[in-house]
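In the two assemblies presented below, chain A is common to both, partnered first by chain B and then by chain C.
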Partner chain A sequence: MDLSIFTEYGPRLLAGFRLTIICWLLGTVFGAALGLLIAVAQRYGGRSVRWALQTYIELIRGTPFLVQLFLLYYGGPMIGLRLDPLPAGLLGLTIYGSPYFAEIFRSAFRAVPPGLIEAGRAIGMTELAIVRRILLPVGLVSALPALINFSIILTKETVILSIITVPEIMYQTQYMATMTFTFLEGYFTLALFFWAFVEVISRLGRRLERRITRHLIERT
Partner chain B sequence: MVEASSVEIRKVNKYYGQFHALKDIDLTIPPGKVTCLIGPSGSGKSSLLRCINFLEEYDSGEVLIDGQLIGYETPGGRRMAPRRLRQMRSTIGMVFQQFNLWPHMTAQENVAEGLIRVRGMRKPQAMERAAEALTRVGLADRMGNHPSRLSGGQQQRVAIARAVAMDPRLMLFDEPTSALDPELVGEVLNVMKALAAGGMTMVVVTHEMGFAAHVADQVAFLEAGELVGVDVPSRILREPEDPRIQSFLRTYRERNVI
Partner chain C sequence: MFSLSSFLDAFWPLTMAARYTLLVSGLGIALGLVIGAFVCVLALSKSRVWRTVAAVWVSYLRGVPMLVQLLVVFFLLPVIGIDVPAIVGAVVTTAIVASAYISEIWRGAIMALPKGQTEAAIAIGMRPRDSWTRIILPQAVALSIPQLINELILLVKASSLVSVVGVMEITRASQAQAGVTFRPLEAYLAAACLYLAINLCLAALGRWLEHRMAV
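Now for the complex of A and B:
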């Protein structure tokens, strides 16, 4: 094993790690936000809104991420949507994740006891206040494990952005490996990075869950 | 004395799909009095109660709160504007069998929420008012607890405080003690008795015949979506004429003899 390559390619790899984390973070946040919007619109929208959103969900879930990304990055310019690799990648991740997030939120909303909503209505709260003050906070708590789980899945999807030349960690590792023939060292480091990354997220996730559900658990 | 509402229910019909759940119900609920709704399971007690604040929409007839139609602009007409409906609901308190406290808020926050969102109060004033309301139901020392850290009886008293803090002119109760362990029923009934003594108009769906007998001013008996009888408790509970009421009370007594 030749470790000297890390002194030469270290900065590139570090930049790659950073970009991967940024892509994951933004992809998760934007994807979850879009998913939340979809879930709320599905709950309150009319029949046609619900149908349109359901179709969107099925279309996105039914196609591979790579295909979506190529459509966006290589197909986009043909309809005037010219994006740089990074924005295209982030937009792709957001779109790719949104239906999964939407489904998570949708089932979490369904799990909110209707009585809690009725209590809000009976007291004269607006629907908007009910969503903000009751549906979202109560729903989020039950959605949390699934949200964390899917955000972990998304960490690993970020490597696909390398194919449209986003210089994230997969891209940088590939670059180093082909330049120096250090396939074993390079990809081993990459695997280690993802394992550690996921480990950190799931630990933080568990801590967050405990914090949030602390006072919700029935004392026995 | 609170300003108390009256309720006038006229020829109300309610369907769940094909199922006729309420049949031509006529009932007058006088201001400042306690009306108990009793009857077998599935007879339509909850449905009728929930029509009063339009949590359940009725299909024909009228429900008038202080002479004002709730839910529709005119009898059989268009739905009333959401804003008007919310305004009417904000003067009608409701207490549910399952308490329905918001689990992510403390007792005090549960009570303050409506004051802030509906009455437009500032948070400090709302919290102060919530504290007063909780003190009145004997929970001064539990205000910071989340519902999961309260007994069923305490949770139901918070729910009552949440409704009462809004200064309602009418209170609806749907089996408020049915989800409670027997030893916790008394504390909730006591709070309700105090409310009744204060002159609140109350409509109470209940299986507590003791409460109906001693606190109610009138008792209405429903069966299979029909209002079979309405009378003062001494008559309807002690010497009912209708055989359906007789048989209901007989079953009740048999079940409650130890």
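Now for the complex of A and C:
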């Protein structure tokens, strides 16, 4: 293989990688925010709210991300939702991730000791204050490992955005491969690159996890 | 506007295509169970070399997006002189990717068994092989059933990606349907319904198995 293709297509690949990271971060942040909203609504909503949200969770978790993207990007315009590839991709990632994040938050909230919440009520905190000062800080810390884990899974989902022509790293690799007939080399390099990337972020994730939960580790 | 008749019309071709979705994910998990068992044996081996091989295998397959792996296999096979239909490459990729997750599921299940089980088997004079086949494995398999069903559901969803290499499964068929009728909303909605139906059935099967295997 001629390595000069990487210098020629380097800037494109780099731009693609940057977009991959942006999609991943925004997808994680928006997805987690929506998931948090769903988890809180499920906790405090009435029976019908809980039922509607549970149906939403099952619908999204039961269908492939690719089909959801096609529905959004190609089906959306038929009901007046016309989006460019990137916004469609980001919205897709947000929707796709939200039920998984919601389940993570829900189980984290369940793990908050009821005594803490009762204590909050006993000293006269409002429900909002209990959510803000007890449920979220305690719950988020215990949700952290699962959150990091799922956000790493999301990095791998971002390559699917290339299919609806979002110019992220996979799309750019495909472009390079098609222009230079280096399909195997291109995709294999991308595979190695992704492997390294996922390894790095999971290490960083573990470090972050240790740092944030260090108050929970008993000193010896 | 949404057209109910073209939504309903999409179901017949998509149901036909669902055979390939089931074939890819079903064969994928079956072969994945076999390869996964080997990887699991390596991961639990006493030799450091084998453990490293297993760790690299699992880490690579879990670190690289399935779509990228699919294209690597798809373009690799002709280069090494294997000329097979796209569906074979799709099944192979699915099985290899699944093997990484399955080996971890089994390793977890085996490690989760209390040490006392092996000790008791040795104490009553079982040979190591018998303690594995009669004590450890039956329990580990029962323990891992819910996670294996979960893995199968993930594979059904992941099989939508093999549409990219041209396998006529549900997603590819829905693209074709959308192209013919110019009604993407209905076609993809029908595809989503089919996936949902398959996965709900699998989830129900999982609950039933879990209930049956419960000790």
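Heads up, the rule we're going with is that the second predicted complex is superposed on the first by the 218 of 220 C-alpha atoms of A that agree within 3 Å, B and C clash if a C-alpha of one lies under 4 Å from a C-alpha of the other, contacts with A are read in each partner's own complex, and residues count from 1 in each chain.
In this section, contacts are C-beta pairs under 8 Å (C-beta built on N, C-alpha and C of every residue); 3 or more make two chains touch, one makes a residue touch a chain.
All values derive from a computational prediction rather than experimental measurement.
When the shared chain is aligned, chain B comes close enough to touch A:A119, but chain C does not. Touch criterion met: A:V141 reaches chain B, while chain C stays clear of it. Judged by the touch definition given at the top, the superposed model places A:L14 against neither chain B nor chain C.
Greater residue coverage of chain A by touch, when chain B is weighed against chain C, goes to C.
Contacts of A:R133 after superposition: chain B is touched, whereas chain C is not reached. Shared-chain residue A:L208: touches no atom of chain B or chain C.
In the superposition on chain A, A:A111 makes contact with neither chain B nor chain C. Common to the chain B and chain C interfaces on chain A is no residue.
Listed in rising order, the residues of chain A touching chain C in the complex are 58-59, 62-68, 70-71, 74-76, 78-79, 156-157, 159-160, 162-163, 170, 183-184, 187-188, 190-191, 194-195, 197-199.
Of all residues in chain A, those touching chain B in their complex are 113, 115-116, 118-119, 121-127, 129, 133-134, 137-138, 141, 215-219. The part of chain C that touches chain A in the complex is made up of residues 1-2, 59-60, 62-69, 71-72, 75-76, 79, 153, 156-161, 163-164, 170-171, 174-175, 178, 183-186, 188-189, 191-192, 195-196, 199-200. Within the complex formed with chain A, the residues of chain B that make contact are 53, 55, 82, 86-90, 92-94, 96, 98, 100-104, 113-114, 117-118, 146, 148-149, 159, 162-163, 166.
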